[in-house]
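What follows is a group of structures, each given as structure tokens.
Two complexes follow with subunit A in common, the first pairing it with subunit B and the second with subunit C.
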Partner chain A sequence: MADLLVSGIIYGSIIALGAIGLTLIASILNFFNFAYGDLFSLGAFITFLFLDLLGDWGAFPGLSFGGGLVVATLLSVLIMLAIILLIDRFFFKPLREFDATPLFMSLASLGLAFILRAIINIVWGPEIRYYSTAIQISKKLPFGIRVKPDELFIVICTLALVTLVYLILKKTRMGKAMRAMSDNPVLAKASGVETVRVIMWTWIIAGTLITVAGTLYGIQVQLRPTMGWHFLIPLFVAVIMGGIGSFWGALIGGMVIGISEEMITAVLQNAFHSMQIDADMSGYKPAVAFVLVVLILLIKPHGIFGKKEH
Partner chain B sequence: MSSKKFNKGRFGKCFLATMMVALVFSFINSPGYCEEEMKIGSLIPMSGDLAAYGKCVQQGVNLAAKHINEAGGPLNMKLKVVFRDSQTDPTALRDSAEKLVNVDKVPAIVGPMIRSDVATPVTAPNHVVIISPSNTPTWVTTLKDDDYTFRTTSSDAIQGKVLGKLAWERNYKTASILYINDPYGGGLAESCKEWFEKSRGKILGQASYDPGKASYKMQLKELAKGNPDVLILIGYPESGTVIIRQALSEGLFSQFLFPDGMQSQQIIDSVGGNYLEGMYGTGPGAAENPSYKSYLKEFNKVYGANPATAYSENAYDGVVVIALAIQAAGKDALKTDPGKAIRDKLRVVANPPGEKIIASVDGFRKAFRLLAEGKDIDYEGAAGSIDFDEHGDTMTPILVWKIEKRKIVPVRSVIPD
Partner chain C sequence: MISYFVSFLIMGSIYAMAALALNLQWGFTGLMNFGIGAFYMLGAYTSAILTCPATTEHLGGFGLPLVVGFAGAALVPGVVAFLIGFPALRLRGGTFAIALLAIHETLLLTVRNESWLTNGVWGIRGIPRPFFEVINPRHYGYFYLIIAGGLLILAYLAITKSVGSPWGRILRGISEDEDLTSMSGKNCWSYKMQSFVFGSMVMGIAGATYVHYTGFVSPQVFNPLMSTFYVWLIVMVGGTGNNKGVIVGAFLVWAIWVGSDFLTDFVPAAVATRIGFIRMLFVGIILTVTILTRPQGILSRKRLIADWYR
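Moving on to the complex of A and B:
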């Protein structure tokens, strides 16, 4: 069980990275960005592209990748930010100026999601890819826990980024402006918050997080054009569960989804075994997230950390 | 929230521009000169879990269309294949099937690769024949389809038997089965289990998985209890490789056995090192006949390599029997109810008696001539002899393969009894 808990934390930390970006967009730009999952895939694939261009840089001791992947990820973040800001300039900004409703914006982002996925399919094809096909044998730790060094890296990387975003939101003027926009956009505008710059920085933070999250998912699992689309469900569940706009909510929501998806079916399976009932619970794994979000919304309609509407 | 009205002028211009573009494209699509065309459909996954198969199957379909047209085409018409993507997704599959039936108005479809049950609501009521190259589950046999559903591959009842017996033959005394949560996985897992147990083997655990997940540790740990000798992994390459990699890096399994769904170079390329060296699997058997040899030669000539996955030859046979059935039906029958006309002639051209037809341009030329003369033919396919029984099922050989020097190599073909 402890082993599954650890593996849930690793998966959960990738979800949390994505969920923080998504929740910022949802609260500051006031719509659910369905294209976020496919930006996740695009980020991972652009990293793959640079990794390929950079050639073999060797691997860090113990890890499955080396400096090449780090540099590729940084370059990928830059390219992704350029792409995302261009998309905002030519796609979302006209819609905003149009005073499109949040529903309209969400549907438009859904269209964008299809376009992005089609582009990935055209450029990279439908085949699955790996940054490194080498298999890492996991290290044995006490309590039956097994972790790969890569997984440790994923958790550390997530912690560092989450701390950075937290500091930006808490300590900088821009962070305060972002929180103000998310709390009450009308009041924020009235008190002289520069909306345009706040929106730009929201995209920059969310774009960086999603690119890194995509790359981490690529290291841990694999790259496939539909990776982000499937990842969207846990992301949304995490954001809704945590409460839209809540930093801590997204972080904890992501962890809860990651851990519960890994553990709940196993717990149920063991319970059935001890009752001598022969049932295969593994097929119900995808239902876990949904049952959880329904339960939480029944108890706390605005999510764990959500605030009531103004 | 305030909302501005749509700018009608701008909207009108956009609409006009869209229509112009559509108009231009419709010109591009229409044939430039008057050559009669016979359209058939192909419904295969070009994206999603089965995309690698889809790509290769499409090559098989295109090769068949090329050969048929080089031989003059059915009733001297040009055979044209309309492709629609089923995205390895049941909803998209149904949507694409409806488009092929209602928009493209094809009388026959090669596909789908999985889930032929689309026949009951969509294709069969509209009198459209579907010939699946790869839909192996046992339930396809008894599908309510008014005899419009065929397949050019064997039922899983047969593959499961070979797979279960192979596990025992490979000296595995105990096994766990992990299967994909769909009708293919469930059906094959059942028949494999049945035959492994009949061979005195013991199944220690059985679990299903959903594709597209980041981790399958929970299922793998559950299945590894009691240290079974082998993991029989019934699934598709995309998530299948995630499972293999996780099983290896967690040290839970080192021996695997695969069915046709995993018979792909991709699983070897995606798992580094020599972990999969010497693993065995089953798949659709290459018929050791002249048709298959000719098919392989032609495939190499056009694509410069052997087929990357299984089922391209089954799809090839599907296109060929449709084309031959069109020729046998004649123009008049095609005018009234083309789907029914093709359905009624499929067994005539594919089953004995009649002159044996080899899969080649010359063979098809001969077949067209014989059919025009009103004679009987018996197509011998590249995937097997392709003789449809009363359910539209065929018996094709099952291949036993193994991984050697990071390649899938055939070991032997098992002719089902």
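Moving on to the complex of A and C:
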């Protein structure tokens, strides 16, 4: 059980990274971005591309990767930000100028999601890829917990980025403007908030987070072109569970989804086993998030940290 | 060649039926149903299980007449929509779409995993085709075209008639301004539920029409891309809230789809294996271009009812 909890925390921290970006977009740009999952895959694959170009830089002691992956990730973030800002300029900005409703923005982002996924599939093919095929030795910690050094790195990296985003939102002028936009866009505009710059910074923060999240997922699991689409539902569940626009909500929501996806099917399987019912629950792991979102929406339609009216 | 054309018309009619149902829900009521594939799937499996000859592979083999199959294919999705509607219709806009997408994925997982019920990924074979023994196989396509075309005309008449009635005006009112409609004393939730259930029943019938044509059904057909977002594409291309346009759109989009099959003969083998992704690219490009280039038709529908109330 403790092992499952640990892997849940690692998976949850990757979800939380993505969910913070998604919740900022959902509240500041005011639409559900269905292309976000495929941006996650694209980020991971562009990192893979640079890793390939840079060649072998050796690995850090204990970890499965070295400086090459760090540099590749930084380059990937830059490329992804350029792509995302171009998409905004030529795709979402015209839609905003038409005064498109949030539902149409979502639908448009869905079209974009298909384009991105098709491009990933056409360029890299449907095969499974790995950043590194090195086998890692788990470290034994007290209480029978085993952790790989890579997994520790993922959690530390997440903590650092989350703290950074928190400081940006809380301490900088831009962060204040972003929070104002998400609270009340009309009032923010009237008070002289430069909406164009706020939107640009929202994309920059969300784009950085999703690229790093995609790469971390690639380190932990593997690269598949469909990984982002399957990741999208847990992301949305985390955002909705936490309340749209809530930083802490997205963080906690992501952790809850990650841990429950890892643990609930295992717990149910044990329960069925002890009742001597023959049922295979392992196929239902992705359904946990789906059932959670329906439950949350039933009990608290505005999320745990959500405001009553957005 | 002519039989190819007949099968093209049959498949076009089936998709047109599903698209008309989505148009009722999205075009006239404003329900962003991202789970229509689930109702299409329920209709398909219900009819298959009810009418198949006895078997040990999955539940059923009831061998009931096809009329019972079609009735069940309308009833089961209708009842499921009614049950889902209780929690889901309390949600507005994007969250409704996410909840429905989640429900679609969960139902799809159930169909894949519970092989006692549906024979899992292997699917159900030997689904009876109406009057298949009586009619010369060479002319069977024409016969089935009469059935599919007849059902399409029935669906068109039923939906056009109902959206033109006072009932349909309230639906339009809800899609344009829900608060205003409920302020004029209409129970919006109840009307949304009626539209949701009605549309889902039509989708179920489209699913049954599909399985009794192909004689085979498996979960692969019902992935969200092919079953849900393909139908969304039809509605976007045909024109939201325009029933005739949607029918034209169904045949147009299916023509593009089938046309890309011919393409595989002309392109190199390496590209031909990725034709599925090129199609996905098509879906994305058509969807985004439609949204970007037809802002009047699609983005800002005229607020007929809401303006009249004011």
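Just so we're on the same page, the second predicted complex is superposed on the first by the 306 of 310 C-alpha atoms of A that agree within 3 Å, B and C clash if a C-alpha of one lies under 4 Å from a C-alpha of the other, contacts with A are read in each partner's own complex, and residues count from 1 in each chain.
We adopt the following convention: contacts are C-beta pairs under 8 Å (C-beta built on N, C-alpha and C of every residue); 3 or more make two chains touch, one makes a residue touch a chain.
Quantities reported herein were computed from a predicted structural model and do not represent experimental measurements.
Novice: Return fit or clash for subunit B versus subunit C, each positioned on subunit A through the superposition.
Specialist: clash
Novice: Check the residue A:Phe91 against both partner chains and state whether it touches subunit B (first), subunit C (second), both, or neither.
Specialist: Touch status of A:Phe91: second partner only.
Novice: Touch test for A:Ile122: subunit B only (first), subunit C only (second), both, or neither?
Specialist: second
Novice: Given the touch rule stated above, what does A:Phe114 touch, subunit B (first), subunit C (second), both, or neither?
Specialist: Second partner only, subunit C.
Novice: Is A:Arg146 contacted by the first partner subunit B, the second partner subunit C, both or neither?
Specialist: In the superposition, A:Arg146 touches subunit B alone.
Novice: Which holds for A:Val196: it touches subunit B only (first), subunit C only (second), both, or neither?
Specialist: In the superposed model, A:Val196 contacts neither subunit B nor subunit C.
Novice: Of the partners subunit B and subunit C, which touch A:Ala266 in the superposed model: first, second, both, neither?
Specialist: After superposing on A, A:Ala266 lies in contact with subunit B but is clear of subunit C.
Novice: By the touch definition at the top of the document, which applies to A:Thr101: first (subunit B), second (subunit C), both, or neither?
Specialist: In the superposed model, A:Thr101 contacts both subunit B and subunit C.
Novice: Answer with first, second, both or neither: which of subunit B and subunit C does A:Val186 touch in the superposed model?
Specialist: Once the two structures are laid over each other on A, A:Val186 reaches no partner at all.
Novice: Give one of first, second, both or neither to describe whether A:Ala289 is in contact with subunit B, with subunit C, with both, or with none.
Specialist: It touches subunit C, and subunit B stays clear.
Novice: If the two structures are placed on top of each other, which part of subunit B overlaps subunit C: 115-123, 187-195, 205-213 or 385-393?
Specialist: Here subunit B runs into subunit C along 115-123, and the other listed stretches stay clear.
Novice: Subunit A residues touched by both subunit B and subunit C?
Specialist: Dual-contact residues (subunit A): 98-102, 121, 125, 280, 283, 286.
Novice: Contact residues on subunit A for subunit B in the complex?
Specialist: My answer: residues 3-4, 7, 11, 14, 98-102, 121, 125-128, 130, 132-138, 146, 148, 217, 220-222, 224-227, 230, 261-263, 265-266, 269, 280, 282-283, 285-286.
Novice: Give every residue of subunit A touching subunit C within the complex, in rising order.
Specialist: These residues of subunit A touch subunit C: 31-32, 91, 94-95, 98-104, 106-108, 110-119, 121-122, 125, 233, 236-237, 240, 280, 283-284, 286-287, 289-291, 293-294, 297-298, 301.
Novice: Which residues, counting only subunit B, touch subunit A once they are in their complex?
Specialist: That would be residues 1-4, 46-48, 51-52, 54-55, 181, 206-210, 212-215, 217-219, 221-222, 237-238, 241-242, 245, 248-251, 266, 269-273, 275 of subunit B.
Novice: For subunit C, which residues are in contact with subunit A within the complex?
Specialist: 30, 32, 87-88, 90-91, 93-95, 97-99, 101-103, 105-106, 109-110, 112-113, 225, 229, 232, 236, 274, 277-278, 280-281, 283-288, 291-292, 295, 298-300
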